[in-house]
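These notes open a run of structures that come right after.
Each of the two complexes below includes subunit A, the first together with subunit B, the second together with subunit C.
== the complex of A and B ==
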């Protein structure tokens, strides 16, 4: 027999206990510590920090632990927490040109000042299982230190092209106003670039990857070159008004990607290269590259290009790339809708009844 | 009525005072321009987007220690998300909560307006999934804002007309668009069209919050709210051939409850508070005993049928 059960407080409390039990899994297996997740699941932590738009590796790791590794649920925890944090000001813009480089590659030059620095990457690993990891056999791996230190100067590739006048100049808007804060003010369209970049930087990696891929495959007008990708640490500084000078708060890890795109020029602008910019917390190249490709495709309006493709339509991209909002709305379909469904049932039954009556009348008339 | 302890780790009402002020400013603007969607700096809440964060933010911005809060979903106080939201406010504000419509000073709702007429001084807060009534006709926000600015609502009437031409009826049973104060076409949220007439000239203040879409709108007390229709196809509401199986009400919106796997069903009030109150006053529906046997109704609430 089917028993119609309405949800109640007791059921909700019980489900909290049940999910806690499931989260722990088999208790004969040692429990993960937040520090273990922070140190050994760094790329997941980076993704959670990006989509949760909060740089805190410990909280990112805690979020992953608390959500059984559900990346979107973890990002949601970060967002719900960050919204309660007081804003005491904006940092001084970080200078990625003076980043302490761990990895820096350019696909547009064979060699360049500072050189190509491969750094840590899975790019050239063969994707074969390392069963030693399964057997807990990993000793403490240690990479050798290079004989020569990296060059102190690592100019960013678009700056090199910019010196030649071949690269679209990027200058702050008049008066260099404080950027829009997506988390405090509602977005209005058409959106300015600060809004676009902020939205993309917290956007879902999978969604942005798919859109960037669509641009490359043919649903977009730009052919990107990876001008440069760099990974490393930058200092975050804050200048309190009462001090009048900046103090360093600490270092954060960033991945930055600058895509170089062809542009055939317009009446006002000579042919030149145009930029797409991507930046992400932690080591997150796929995210930064996707973001850079989409940043450029969203500049279609600025360059007088037709916006024919999904990746060029800012309302489509900016509204739908937010996975916390998207999953909330898609998953709200789990909530009861029986009042509305009853309305649909009632209408459908009425329309069917009327149709049957009409058919019966017609049949009678024909006989 | 229940009063809980305010969790001192959180500000009263969860939101900080600056945010509450920002929301109140948006609310004032919304009340001043009935039916107009005011953008606001919607915050990320600890409940999911699409699960009532707009309504929660409005309630959080308005609630005071002397308020009594009622939260309903599908008309009922005991649906899971209503329970969850009520627990949230009990924790972050410690205010009294109630299930009785007339006792509540703030009623947060999803998908229904209570059956019992609301009074002056009460506030009805709607959770809004999609604030834009024109969105299904025009996906772009830039365009729909222009359509509202110019009161260009022809496309909506064409849509209603096409339904009538095709089905003989307007095939919209919920989120049925309304004209507010003769100026803005507004989405009443996914309430059944049964509830639309209650919005018209309502003595209570009606506030609408769309958290994910970052919009607030309002209907001040005693404002004209008209469901869109045609002279030869006037607006009508749903009706049932039988009364509520529990309380015998003939004037309430009914949910269909499946009672077994061989076609058994009964129709019961979706407004649980209304239904309980009627039963407490001695109204008995013909299947109340069955419902109690199925544990569908709590026999401690309202009078039991054999207590009369």
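== the complex of A and C ==
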């Protein structure tokens, strides 16, 4: 329990001024614009959009500027802003098969239709500093342009194995129901796949990465292969009631990961590869991969596997992966708990007093 | 393999030739920047009078995905979007819906949508501008795809011995 404490208004106002000055840093250094952050810190912006659960690159960049690059505080701003807006509806489910591909790789098939497209990635860099960037060089880098565009059809890799019946099928449940929405309804356990995927989508990248790593290290092993990772732009379609037909509202950048895992089968179903799915706003491969590994590990119940490890326990994962909630609870410890603590202090003094009295009585009795 | 069949099975509801002319132009306008939409509207000589039926308003759209890309629906998170509805003095209604928070673009887009529905000289001017806009968007997509294509891996198979 904490009670309201009055006072400190002047101190709070002064701290607003002080943090604004700190945020600006040395004024002899030019100020960052939101557009600069949006264009040149794209991967941070993507993370803020994911964990803030709101796709808007300008707002993601503003959030980063306003919070001095504190990613979780920035996600918090996105979540808070979202609550001020009306919800106009839900999109038609995005179709990642028709993504305008900029990167698409598979660790399971060398020669897949459409090919291995490395796209923009740090994977093959040497992780050595490029001091030219610090020297403020004016050069504007230019990418190579091939003569021809990529193949129009870039099939998702699990769909290829699916055609041979070797892959666990992903089909909508009967009636293709509207998904659960955790922003409207409380999460209950056991949680269905739609609940799990929505929660993981907005989950903390670091938390999910650590859990995914634990799975790979044997704390719930299911031998994942990166069946496919794809990055690119996908159209967002929406059918407004007053219009009566679907229209496209623009494109968003998505990263999708399909993990392929070892086999499950039953009397009715010959053994198949099992799947884990990850998707993220912007270019966010580590997040999408971690999500896909956790999606699979949380299927433990569906496959009758023992849920022995943290990554297989949905209450543990889903209740603790939200960094805005987690930091709210951890950081609320900074708020005044004067009365609480006073109570504890008095209790401790009383316990000690009683103990001293008992010891004194015993000593007297012994004498 | 039956890959092509599979592709057509899951392709977007708005793919290819199934789109009506209006769906197509609304998609092109939604993808344009605020500046581009303002320039498009500026192509017509006298600006039309209209009333706002629904003022430009920013809200969110819940984005849905499917598990594995094709399975159970789930909510991925929201996106900002802005909408607007106008009515021209002749009674034609114009609608606009686009991602983002640009309210001026929303209003101008709705006016353009209304004008495009008639067979006037203004509509002709707008259709011409729209064609250029679509061309520019297609070129940007093409260039992005060709840049990606430059990073496509060509595997060499090493043949050992004399075979």
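By our rule, the second predicted complex is superposed on the first by the 350 of 367 C-alpha atoms of A that agree within 3 Å, B and C clash if a C-alpha of one lies under 4 Å from a C-alpha of the other, contacts with A are read in each partner's own complex, and residues count from 1 in each chain.
The rule is simple: contacts are C-beta pairs under 8 Å (C-beta built on N, C-alpha and C of every residue); 3 or more make two chains touch, one makes a residue touch a chain.
This structure is a prediction, so every number in the text was calculated from the model and none was measured.
**Q** Should A:275 be classified as contacting the first partner (subunit B), the second (subunit C), both, or neither?
**A** second
**Q** First (subunit B), second (subunit C), both or neither: which does A:248 touch?
**A** Only subunit C is touched by A:248; subunit B is not.
**Q** When the two structures are overlaid on chain A, which partner does A:69 contact: first (subunit B), second (subunit C), both, or neither?
**A** Touch partners of A:69: none, neither subunit B nor subunit C.
**Q** Thinking of the overlay built on chain A, is A:117 touched by subunit B (first), by subunit C (second), by both, or by neither?
**A** A:117 sits against subunit C, while subunit B stays out of touch.
**Q** For A:189, decide between first (touching subunit B), second (touching subunit C), both and neither.
**A** Touch status of A:189: first partner only.
**Q** As a test of reading the superposition: which chain, subunit B or subunit C, is in touch with more residues of subunit A?
**A** After superposition, C is the partner touching more of subunit A.
**Q** Looking at the overlay, what does A:206 touch: subunit B (first), subunit C (second), both, or neither?
**A** neither
**Q** For A:148, using the defined touch cut-off, is the partner it touches subunit B, subunit C, both, or neither? Pick first, second, both or neither.
**A** second
**Q** Just checking: does A:310 make contact with subunit B only, subunit C only, both, or neither of them? Give me first, second, both or neither.
**A** Once the two structures are laid over each other on A, A:310 reaches no partner at all.
**Q** Which partner does A:82 reach: the first (subunit B), the second (subunit C), both, or neither?
**A** So A:82 meets both subunit B and subunit C here.
**Q** Across the two complexes, find the residues of subunit A that touch subunit B and also touch subunit C.
**A** On subunit A, the residues that contact subunit B in one structure and subunit C in the other are 82, 86, 183.
**Q** Using the touch definition from the top, list the residues of subunit C that touch subunit A in their complex.
**A** 1-4, 6-7, 10-15, 20, 23, 26-27, 30-31, 57-81, 83, 85, 95, 97-101, 141-153, 155
**Q** Would you pull the subunit A residues touching subunit C in the complex into a rising list?
**A** Answer in residue numbers: 49-50, 53-56, 58-59, 82, 85-98, 100-103, 110-111, 113, 115-119, 143-150, 153, 155-156, 158-160, 162-163, 169-173, 176-183, 193-195, 197-198, 201-202, 233, 235-238, 240, 242-243, 245-252, 256, 258, 275, 277, 279, 281, 295.
**Q** Considering the complex alone, what residue numbers of subunit B touch subunit A?
**A** Within the complex, subunit B touches subunit A at residues 16, 39-46, 48-51, 53, 73-76, 78-81, 83-84, 87, 110-112, 129, 139-142, 167-169, 171, 173-174, 190-194, 212, 214-215, 238, 240, 253-261, 270, 294-296.
**Q** Residues of subunit A touching subunit B in their complex?
**A** On the subunit A side, the touching residues are 1-9, 11-12, 76, 79-80, 82-84, 86, 183-190, 315, 324-325, 327-332, 335-340, 342-347, 350-351, 354.
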